[in-house]
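Note that chain A is present in both complexes that follow, paired respectively with chain B and with chain C.
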Partner chain A sequence: MFKMNIPGAFLRRSYRLKCTKCLGRSLSTATEEKIEIPARIERGPTDILRALESTITRDITAAHYKYHDDPYLLPMNNLAKRSFAMAQEAGRKAAHWVRSQHPELFNHQECDPPIEAFFPKMVYNENSEVTEEDLKNVIDRAQVSDAILINNLLKAKGLEITNETKQSLLELLCYNNSEDILDEEFIEERWFKQSSGIKDRQRKTWKDASAAEEIFISIDKPTSDSYSAIIQGMAKFNQAARAYQLLEEAQEKGFELNIHAYNSIIKCANFIKENYDLRWSFIVNMLERIKQAGLKPNLGTLNAVLFTLSTMVNSRMVKDFALKTLNEFKSLDIEPSLGSWYYILITFCKDRGPRSAVLKNILNEIENKNHKIQDLSDTHFFVTAMDIAHHHLNDISVGQRLHKLLLFGNNYDLIGDSYKESIYYRHYFSLVLSNVPLQDFMESMYNKLVPNIYVPEPSVMREVIKQIELNALIEYIPRIWSDIIVFNQHNREDLLNLILSVMVDNKPKQDTELVEKFANIGWDIYETIDGQNQERYSNLQFTGDLLGKIMIVLLRNDNFEKACTVMNKLDHQHQSIVGVPCFEALSLFVDHCIKNKAPSRAIECIQYASDSGFPDIITLGAKLNEQLTLDEKHLNRLSKFVDLKLS
Partner chain B sequence: MNITLIKTIPNILKFPAANSARLLHLTAVSNKNQAGRYKNTPRKNFPLTYEMANPPHQIAHRKSWNSWNTSNVEGGNRPSETAVEDQFIRKFVQGTWHALFVSEIIIKRQHNLIRIAGLVHRGVMPRKMYFLIGYTEEFLSFWLQCPIKMELQSVADKRHVVFKYV
Partner chain C sequence: MMNLSRNIERVPFRSIEKQLVASYCNSSPQTQTKQEEFRALNIRNVKDPFQTRRRLQKTAVFPPRADQMPVDQDWGSVWPGPRSFHPATVPLPVRQGFTEKGAPPPNKFNNAELMKIPNFLHLTPPVIKRQCEALKKFCTPWPKALDNEDKIQKNFPIEVISSDYCYSSPTIRDPMARIITVKFKLASLKLDDRARDKFLRLVGPRYNEENDTVTIVTDRCPLKKQNYDYAMYLVTALFHESKKVEPWEEMKSEADMEIYCWENNASKKNIEALFGCKSEEIPNAAEYSEAVSHYMNEGENDYTISKYGEAVKKLLKLQGTN
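Coming up: the complex of A and B.
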């Protein structure tokens, strides 16, 4: 009977059987509280690391971890960010080059088990002894040019390769357009590469009569897979007409193409059919064929249809089609990816079209979810959506919801590349800047995201300065100026002019720190322009207006000596300096000359004013004459261009 | 001069043949510790870093080790290889970063990761320094076949690391 106290889960099955046999139903309460041991979850070797990593968010107070944490080595502006990361990668490439030049020196093996990435790469040339095994290896490692070479060697030797290998070689060549692609190892180059794809998307880049086509021809009995591969390759690189031709050919011969081939053809509809109506009927025709072939459409089909619709002209019909397509695929249980939403966005929110709030509905759909990349176009979503939130809707709440989505989980992986990232932030900054009070903007965005996450471009800086003027919060000017210097934007003429006119137009209260800071900024600007290298291609030029403004800010802080230097510059380089300072600056200078008892400087200034054709110099001369007792010499000089008797 | 006296001198200098080597070895002059110690120069203008200023017996008291690994504890792996590799790393880094390192090169090993630390002076542009970092890390990881990381700090002036002049 002692067994009755033992909980059921601890009883082995044999015991339980025995008990139920001998004790009947009296044990039923004990067997009920069984401990459920959960089924074992298979964990990968890096799962714990991933779990730990998920607890860490990006530290906005530090630069990205690819940079060295040292004041000298931290990048402060966009140029430095780019060049530092690329320089490090260039160093890595140099090491790769050394290894490829002297592979015989790197043949030792320290690591156990061997790690292939550390060993020198196999080099193949015309004299190499190759087998099909080598070909398989290079195909696995996606070394396109090596694969082509080995295939040619095998052919020259008369060695037959299996159809399987041929097919995978064809797939490799079709995917890469028979070209070597940038090694996956060089992530920085991929990150900083300008999205040059925009142009390539519009024109044919497929190499005609390339190795891929040769392989395709050399296959004796082409299968549906080889047709699918070559069609996809041609369609990917916009050789649309021939891809379509091959599709027809394959269907005539009764091959069943796979769904990806159909998807890629649908994406090419623009090249195949001229007219919008024809394109749509082409798409419908293709979808019919998919149905006839008994294939199940997938996300790629959805995105291909939406892509073609998004390139059509803005009309009611196109939008209807897009919505219908979404509905249709929803009933097929195909969840749209961010790329699908990107196409929807560009279909509905055209530049000149009516305003559409479709982004809000999309956000309701995708908010608070972790998104994974499923389609290449997924990386376009965030930058486009922020553009639409800014220019199309100008709605701050949408922008903030979108940004929250970007920071959710691992969604930041979908930002694309550095170029898209900076455009995204440019739109986000401009949106917030024009919609919230400046103080909030500075605290919640500027101080947090600049400069580690984002360095504002000059255009954004200009907007910030304009907002400062609108809100009359001139105490931010020194901060912004120092940032302008750090971001290497102090050689932008428009920024210099803007910041100077803001400082002149918004006179700070006398005897505050700001007066001095403004004077320092003014002097900084003077020295920047004065001290620049004459041989530089695009030099900044002094203008009369600029110098006048500098003079005003200097004189407000009683920096008479420095103002004299500026005046000298105006006077001596009268010929080369474009424009004249405002009269206020000159009059202020004369006032300060009187204050500092420097009549000859005042007379020089009045002479300059007279040369420049200001009509009001008489008042200046009179003022000088009244407030300072001038000696004979000065009076003589003054009377040359001012008729003192009149005053 | 007494000629017999001169004749006796060689005998005085002569040691018993069997013990001669040992006796020389045990003299105070020979037994003096010299490694890692710096003598005063006539003008007292030879700069020493903190690390150089402390003789080896101060290791673990006032200064620390230059190589950190567990090869030499009981049951440790590859003690001799580790020592040779560390020396290779030092030579390689000294040569690649020519006249840039102003401290000892510290090599720390954890699992299969090697971290190379030290102070460099800001003699070249940051961009070039990044090039060297990338080159050194990648090259050494090809050579030693494990991940290598550089952990550098920069000093604006070589004189900033001078602890004293001898």
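Coming up: the complex of A and C.
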């Protein structure tokens, strides 16, 4: 409810009436204060929402808000995160499909003001009546295949289209390589799609003799704009040679290309020139041409030059060139974007090169600033920088500064996609794990970021377990094990072996909760391997060593029955189980047999040990014989493989 | 009947026979019973019609996240907006509902009652404070000169009320948003008695005598702006109409008066004639006139009659004769 006191037209009139009436009184009330109403503070339609949003911080116990906040529907591992989000996306796609199949059901217009995205899409086929207007609309909405179809229809009808429309059609086709692109609405698909750009970058993907080229040829009098568009398109999809050829052609004909065309050609220098020296001289040549054409270089030029430099071999010269380029552009007042810094990083911090602290200098430049995306390569910065902080520098302070920068303002938008985010955190976790006491790590990072923001990969979990062993903080083992189950990593043989050997090697104090918890973990592992689906493609196999460790952990908690099950497994599947348990496990088992007065089980165990070729079975046999009074039958069995008289 | 009894006889006999056979050929009793089993007709020639259903892999359900919440967490971030109650997210041991006598109300899990009622968990006092802080930058200070209600009333006599509606739906229109309410004090129009009387007759029940307020609600036009203009038109028209004096208004005679007014009536002339001077000069005339007006306006009852009697006695100085 809004209340407003409006001194409107009517009021003003009544004021006037008042004034004329009380003219005599006005002298006495002249001292009345003047009322000043401050001007309204202008605000945009979403400013209030944004202000309210700024009061909210990330809730660490909650998953991303795209998921349903319900224990049954909250994803706890990467697979669930992906499939839950993609399920939603699939629903969205199904809705799109229904709308395109039955457009007649969606003729009602609930929305006011009209929302174009809600209306059924226009469908064009060979028989549709089209005009240039339609073509323009389709180009505006970036529907590539429809644009090509309409253009062909118009051509078949013999209708001429204006040069402007032709130019914008050419630009659309060149930008998209005459292909439809994924709808902007499907953000989840974009987020979870593994960055395919890396693979495509290396090879030619430009469609030769495609619609774009046809349009270009059909333009009677090509202008510099049409040349620029086709050159950019070819260069973007790595048809470098022809792009360069067209560039030369345009220059011969005296067209003035725009700066973007030059930028894209510089980016393809690798394809055009073989040698590093030639490439550099090519870049210099291009920059000269830009100067001659009277164009002002922009951020794209800077990034293109740095990109080409970053692909060159590691040498002093290249680094010098990179720094010179930065300086040059700084004097032109062109601020480098995160993408430029990304190229600088990969130029300076090569795997086998000398260590370079350039990241620290870069951080000094970009810290505590809100960055916006200006170049596609901007999204590569954070993941690469964290990689360098971890592998190249191994400097925790750099990592933490970088992470602070990521959380500053809206910089998190530049993390890229789910894949990059995951790698970023993998490096960050490994870096912190190896440089910070484990307790601090668990409190400050693990508890806060796992599993809602980041689910550690098996390699990170392995490092965590190793750190637990190094720091002898075995009380974290149950927590880590439950996380391993939650993250669906309990079918990783290396993790199972590692966690078991940590449990065996670090014997907890007797009569503590940990002994029981460890035994439960051991039994969990046994049941996981035992109960798994036999038809599965990659099955986990029991090994003798693994079963021996499980047995030790169980026996430490006096779980004799379960240990017997494990022993039976060992004994009965003797043929299929690879390897043998350690002798300590068998010895412990015999001890517990004695304790529980189960001589036949002990004898079975000794028999197994003898079959497995352990040399020390005599001591086991002797121990059994001494501590339990065996009857005739047992003695007979035992004497078959142990020479009791010897002992 | 005959048939049935024979059947009954046959059944135990056959089973005995079977047992005999079974005991004789002890080699494979299982196959024997299998043949005796009821066989289903296998029309589609499926190998094993009784396929075992694939066991669904049960995914583990995690404990409610309310259990992991730290005590000092920022609740405003956990529950940022209005939403229906969820037991796994609210770390409070709330109970709601009705069960048999003596039992406590059901707890928060699986409790539909808690989901039905609206909650204001998103508007806790610290959150309101925080949001107000964030919204402060859009607010202008209150004009200093307007420091009391009288000044506001004097400078801004008219109050316009309208509502905006906001919800998630494809349309931003709401028919309720068109309604305009205009309020002002009748005194601020500064009308004389005749005009005021006419104004009141025109506005009818829209005038509230208790606080001297006229309320005009307009909703007949489809848009808010139109309704506002119409309301303003109404106020203007009412004002000018009540000021206007029509020729027939002059023809209002004593009989048309809606209340008895002593000044205009015979009673005044009579006592003036009786005392031979102006009514203002007569002692106790004011009390008398009041009593007469009361008697005429309120009707005849014990109180007005006795009051009238007292006044007459006072006027005529008949004290003490009673």
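Just so it is clear, the second predicted complex is superposed on the first by the 603 of 647 C-alpha atoms of A that agree within 3 Å, B and C clash if a C-alpha of one lies under 4 Å from a C-alpha of the other, contacts with A are read in each partner's own complex, and residues count from 1 in each chain.
Simple rule for what comes next: a residue touches a chain if its C-beta (ideal position, glycine included) is under 8 Å from a C-beta of that chain, and two chains touch if they have at least 3 such contacts.
All values derive from a computational prediction rather than experimental measurement.
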Would you check which partner chain A:52 touches, where first means chain B only, second means chain C only, and both and neither mean what they say?
-> second
Contacts of A:486 with chain B and chain C, given as first, second, both or neither | second
Of the two partner chains, chain B (first) and chain C (second), which one does A:44 touch, if any: first, second, both, or neither?
-> neither
Go through the superposed model and pick first if A:76 touches only chain B, second if only chain C, both, or neither.
-> second
Looking at chain A, which partner touches more of its residues: chain C or chain B?
-> C
Give one of first, second, both or neither to describe whether A:61 is in contact with chain B, with chain C, with both, or with none.
-> second
Which holds for A:91: it touches chain B only (first), chain C only (second), both, or neither?
-> first
Chain B versus chain C as contact partner of A:531, first or second or both or neither = neither
Identify the partner contact of A:33: answer first if only chain B is touched, second if only chain C is, both if each is, neither if none is.
-> second
For A:99, select first, second, both or neither according to whether it touches chain B, chain C, the two together, or no partner.
-> first
Common interface residues of chain A - those touching chain B in one complex and chain C in the other | 70-72, 110-111, 115, 118
Please give the residue numbers of chain B that touch chain A in the complex, ascending.
-> 112, 122, 126-139, 141-146, 150, 152-154, 156
Please give the residue numbers of chain C that touch chain A in the complex, ascending.
-> 60-65, 68-69, 73-74, 76-78, 80, 86, 88-89, 127, 130-131, 133-135, 137-141, 143-146, 152, 155-164, 169-173, 188-190, 232, 235-236
Chain B partner, complex, touching residues on chain A are 68, 70-73, 75, 80, 83-85, 87-92, 94-96, 98-99, 106, 109-111, 115, 118
Going by the contact rule at the top, pick out the chain A residues touching chain C in the complex.
-> 1-11, 13-14, 18, 21, 33-41, 43, 47-48, 51-52, 54-62, 69-72, 74, 76, 110-113, 115, 118, 485-486
